[in-house]
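Scroll down for the structure; my scribbles are underneath it.
Note that the chains take the letters A, B, C and D in the order they are written out, and that residue 1 is the start of every chain.
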Amino acid sequence: MKKLINNPENVVREELEGIAAAHSDRLRVSLDPYYVMRSDAPVNGKVAIVSGGGSGHEPMHGGFVGPGMLDAACPGEVFTSPTPDQILAATKAVSGGSGVLHIVKNYTGDILNFEMAADLAKEEGIEVEAVVTNDDVAVQDSLYTAGRRGVGVTVLAEKICGAAAEAGRNLSQVAELCRRVNSEGRTMGMALTSCTVPAAGKPTFELGDDEMEIGIGIHGEPGRQRRKVAPADEIVDLMATAITDDLPFRSGDRVLAFVNGMGGTPLIELYIVYRALARFLGGRGISIQRNLIGSYITSLEMAGCSITLLRLDDEMLGYWDAPVNTPGLRWGA
Amino acid sequence: MKKLINNPENVVREELEGIAAAHSDRLRVSLDPYYVMRSDAPVNGKVAIVSGGGSGHEPMHGGFVGPGMLDAACPGEVFTSPTPDQILAATKAVSGGSGVLHIVKNYTGDILNFEMAADLAKEEGIEVEAVVTNDDVAVQDSLYTAGRRGVGVTVLAEKICGAAAEAGRNLSQVAELCRRVNSEGRTMGMALTSCTVPAAGKPTFELGDDEMEIGIGIHGEPGRQRRKVAPADEIVDLMATAITDDLPFRSGDRVLAFVNGMGGTPLIELYIVYRALARFLGGRGISIQRNLIGSYITSLEMAGCSITLLRLDDEMLGYWDAPVNTPGLRWGA
Amino acid sequence: MGVTYEQATALISNFAAAVATNKEYLTELDSAIGDGDHGINMDRGMRAVMPKVEALSGADISTLFRTVAMTLISTVGGASGPLYGTLFLQLGTSSKGKAELTPGDWSEALAAAVAAVQSRGKAVPQDKTMVDALLPASQALAARLAAGDDFASSLAAAEGAAHQGALETIPLVARRGRASYLGERSAGHQDPGATSSWLLMTATREAFAEGK
Amino acid sequence: MGVTYEQATALISNFAAAVATNKEYLTELDSAIGDGDHGINMDRGMRAVMPKVEALSGADISTLFRTVAMTLISTVGGASGPLYGTLFLQLGTSSKGKAELTPGDWSEALAAAVAAVQSRGKAVPQDKTMVDALLPASQALAARLAAGDDFASSLAAAEGAAHQGALETIPLVARRGRASYLGERSAGHQDPGATSSWLLMTATREAFAEGK
C-alpha cells in the first residue's frame, strides 16, 4: 500500500485537520465528535441539510458543505457509517429553527445511525426529515433486500436541495424535492482497479491486468460482473443502457449527465467517457441540459468511473443553476 | 495498461470532442488545428492570453479557458508540445487588438514552437509577448542547461494574469505581472507510481512497492532521487524545505499554498498533505493567505503530488480573488 | 435468585472478553459476505465500554445498560453499532427502577430488547441477521421459565438456541444488511452478527447462572 | 553540375525513407536520454511531407523546401519539429528565385540553414544536439568546395563529418533540450537529433552526387 498518509488509524482525523486548516474562512470542523459545518450556521429560518457517511469518498460529503449545499457533513471512519452522536451534534449545531433534512445513502449502517440521531434530535425538539438515496441500478431492488445503494445521485440531491433550502422552501418541500431527485436519478459504476482501505493495507479485491468490474459500489464491493477490459465506448454503452432502460429514460427527456471519477482516474479519461455518453444519449433523443464531469464521489484511489443520469424538471434545473459555494462545487459565488 | 480510452492514437482528439460536447455553452473547440477558446473571444480591447503544451495534464490548459483566465489553450499530443500552426491559429482567433500573451512552460519543444508561432503572428501584425514559467526546484538552473521546468506556478500565473487582463491591464503590464508570479513561485513534485503514456502502453518508469520518486516533472520523467516511501509528514517536510530554501521564503512572507494531485491521488490524501504543509509553514512564520487543493496539473494517472508556494503581494492577491469562470477553476461567477 | 448489579457488569465484561477473543473470527465471517469489519467494530466498541463501566461503580443496572448502549452507539458505527446499542438501551429501559432483576424481569427485558432490534432493523427470522440468534434465545428463555425450569438451565437453553440459530444462518440467503447485495452468493456462510449474538448469550449464561 | 528540382525532391524522399528505416533506432536513442519519441516524431513528420511534395510537381526548389518546412512544423511538435522546420525554411529562403542551385548556392544555403537552427535553439557545438552533426557537415562542405574539390566528393566529406559529429556526441553532457535534465547521466549516449541530422546528410549526398 502506497498512500500519502501517516498512520492508517489517523487518516480521517488528519484529513479533517487538513480541511480545517484549508477552509477555516468558510467551514468549521469539530473533531469531537467529527463533523464539518458551514461557519455561518445555524442560518436562522432556513431548513438545514445534513448528510454524512463513511470517509474515502471525498469531496463527498465534507467538500459539499457551504452556502447553497450542505449545512453540515458527518464523516465516519473510512467506508464506515458515522455514529448517531456525530449526526446529532451536527444536526443541533446547524438547526436554524425550520427543521433539518437528513440526506442518507441507502446502506443499513447509514440508515440506522441517521435514524437514531433523528430520534434523539426529535426528542430535543428539532424537526427532522430523512430522505434515503438509492440510485444504483447495479443492485437488485426488492422488498426483501436492503435495496439499491445510494451513490452518484446523492451529490446532485445535495446541490439541488441545498439551493431549495437557501431559497426558503420549507422542510417538507425540500424533502419532497429530494425524493423526486432520487426517484428521477439512476447510476452505474465500474472499476479498472480496486481501492485499498488504509487500515486493511491491501486491495479490497484482486483484478487481472485485463479485467474490469462492472456494477461496483463505492466501498470497494465487487460488482455485478467481471469482464475483460473493453474500449471506453463499449463500457459507456453497457452502463448507459443499464441506466436508461431502468427508469426508463425516453426520447425527449431532458437530463443532467454526471460523469464521475472514482479517485484514480484522470480527467482526460472522463472527457472520453463523456464524449461516448453524449453520443449514446444523442442517439436516443435524450437531451443533456447540464453536466458535471470530475471526481466528486470517490472510492479512495480506485480507477474507474460512474455515470449518473437525472431526469430534470424546471424546478430542479433552476436549483441546479443557483449559486453554490463549497470547496468541492462552486459557481455563482 | 488499463484506461478508459478507445484507441491510444485518438486520445487527444476524443478528449477534445468530449470537451466540446461538455462545454459548448462557454468554449469553442477547433479540431483542425487543435485548440480550445472561450466562445466570446476575441474580447475587443482586452489583452488575450494563450497557453498550451502537451496533453495529459488536464485540466491544464484546456480546462482553464474562460473569462478571468485563458482566452485559448493549445493541446499537443500526450506529453508533446503543440505545433506553431495551432498556436498561431489560436493567437489570431483570440486577438482583440491589444496584444496576446503567451504563457509557456520551460521545455525546449514548447519554447521553440511558441516562439515560431509568435514570429508568425507578429508578421501578421499581432503584438505578442511570451513569458516562460520555470518554477521546478528539482531541476538545476544554469545558463548552460535548458533550465528549470515550468510546472505548478503555471496554473497560478494563468489565473492571476487572466484577471489582470480582464481588468484592462495592457500587454506589458500583464507580461510583467506574469514574470513576477513566476519569479515568486516555486514547486516540487513527487510520485508514488509512474504514469503510462497511452501510445507507449507501459509505465514510463518502474517503481518498487516500497519506493517513491522525489523531484519528478510532469511527463513521467524520473526525479531527483528514488527513496523508500515515507509518512506524508516526512515527504512534505522534504519538499517544503527544498521549496522554501530556494526562493527563499522567509518568516512574515504571505503565500498562496497549492497542493496538487498528479492524477491518481485522491483528495483525502491531498488534505493530509495540506495539513502537514500548513504545520510546516506555520512553524516557519510563513502565512498562508490563500490555498488551492486538488488535481490541476496532472501527469495522466500518476499517483503523487506537487507543492507550489507563491509569495503574494497585494496585486497578485487581488487578481487571485477576482472572478474566474472556467471548467477547471471557478469562483465569483 | 435473580440478577444483581455485579452480575450485570460481569455480563458486560464477559462479552467484551469474548468479542476480543473472537475478533478475527467475526471479521473473517464478515469478509466472506460483508465488508470484513464486524469483529473490529464490536471490539472497538466493547473496548470503549469497559472503562466507562468501571467508572460507574455503585450505579444501578439501568444506568449500566444505558451506558453500554450509548458507548456502543457512539463508537461502533455501521449496522451493528445502532443495533447492539438499541438492544442495550431497551435493557436499560426495562430495568429502570429495579435494584435486582428476577428471572422473569430479565426474560421480559430480553424479549423487549430483541423486539426493539427488530423494530430498528426491520429484520424478520431467516433474513440471516443477529435476529436469527437473538429471537430463538429469548423465546427459549421465556418458554423454559414458563415451564418452571430454574434460571440457570433456562439461560443455558437460551444459549443453546442462539448457537443453533447462528449455525442455521449458514444456508440462508441474506435479505438485510450489506450481505444482501451478494444475493445467492451469501448462502453457505455463517452470519457474523448472529455469531456475536450467540457470544452475548454465552456471556449472559456465564454471568447470571453462577450467582443462582 | 548543380542541384535540380528533381534532385531536391530526391533529397526529401531519401530522408523520409531513412527516417522510416531508422524510426525505432532514433526512438531508442531518445529513450535513453529524452522521452523516447524522436523517431516517432520525425517519421510522423516525413510521412506527412511526402504526399505534399508529390502534389507539388512543377514547383520550384524554394517552394519545395518551404512546403517541407511548414509540414514538419505543423506535424512534428516537440523540439525537433521547429528545428528541422527552421532548417528547411531557411533552405527555402536561400533558394528563392533559383531554378537550379550551384554547389556554391547549396553550400551557402546549408550554412545559413544551420545558422538559423542555432539561432532558433541557442545551441552551440558540444551541447549534444543536432548542431554537433550539422555544423561540421556544413563547414566541411564549404571547405572542400573552396579547396576546389568536386561537388560529389565535397558532399561525401560533409556526410562523413556529420557521422563523425554524431558519434562525438556520445561522451558529451547535454546542455540543451530534454536530455539536459539528466545532467551527468546524459553522458555515454549518442544524441538522437545529431543522428537524424547525419541521416539527412547521407540523403543529400545520395540525391545530389549522382546527378553530377
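The criterion applied here is as follows: a contact is a pair of C-beta atoms (placed from the backbone, for glycine too) under 8 Å apart; a residue touches a chain by one contact, two chains touch by 3 or more.
Owing to the predicted nature of the structure, the values given are computational and were not obtained by experimental measurement.
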Path length in steps (a step moves to a chain that is touched) from subunit A to subunit D: 2
Components of the interchain contact network lacking subunit A: B, D | C
Chain of greatest Cα-centre distance to subunit B: C
Whole-Å gap between the CA centroids of subunit A and subunit C: 33
Rounded Å distance between subunit A and subunit B, as computed from the means of their C-alpha atoms: 29
Between subunit D and subunit C, distance of the C-alpha-averaged centres to the nearest whole Å: 83
Subunit B-subunit C separation of Cα centroids, rounded to whole Å: 57
Sequence positions of subunit B contacting 2 or more other chains: none
Chain-level touch network, classified as line, ring, star, complete or other: line
Chain-chain contacts as defined at top: A-B, A-C, B-D
Residue ranges of subunit B touching subunit D (in the complex, touch as defined): 33, 76-77, 79-86, 107-109, 112-113, 115-116, 139-140, 144-146, 149, 199-200, 217, 219, 221
Residue numbers on subunit B that touch subunit A, as the complex places them: 2-7, 11, 14-15, 17-19, 21-22, 55-56, 58-59, 63, 192-193, 209-210, 212, 229, 231-233, 235, 263-275, 278, 291, 293, 295, 298, 300-301, 303-305, 325, 327, 330-333
Interfacial residue positions of subunit C with respect to subunit A in the complex: 35-37, 40-41, 70, 73-79, 81-83, 85-86, 120-121, 175-178, 180-181, 183
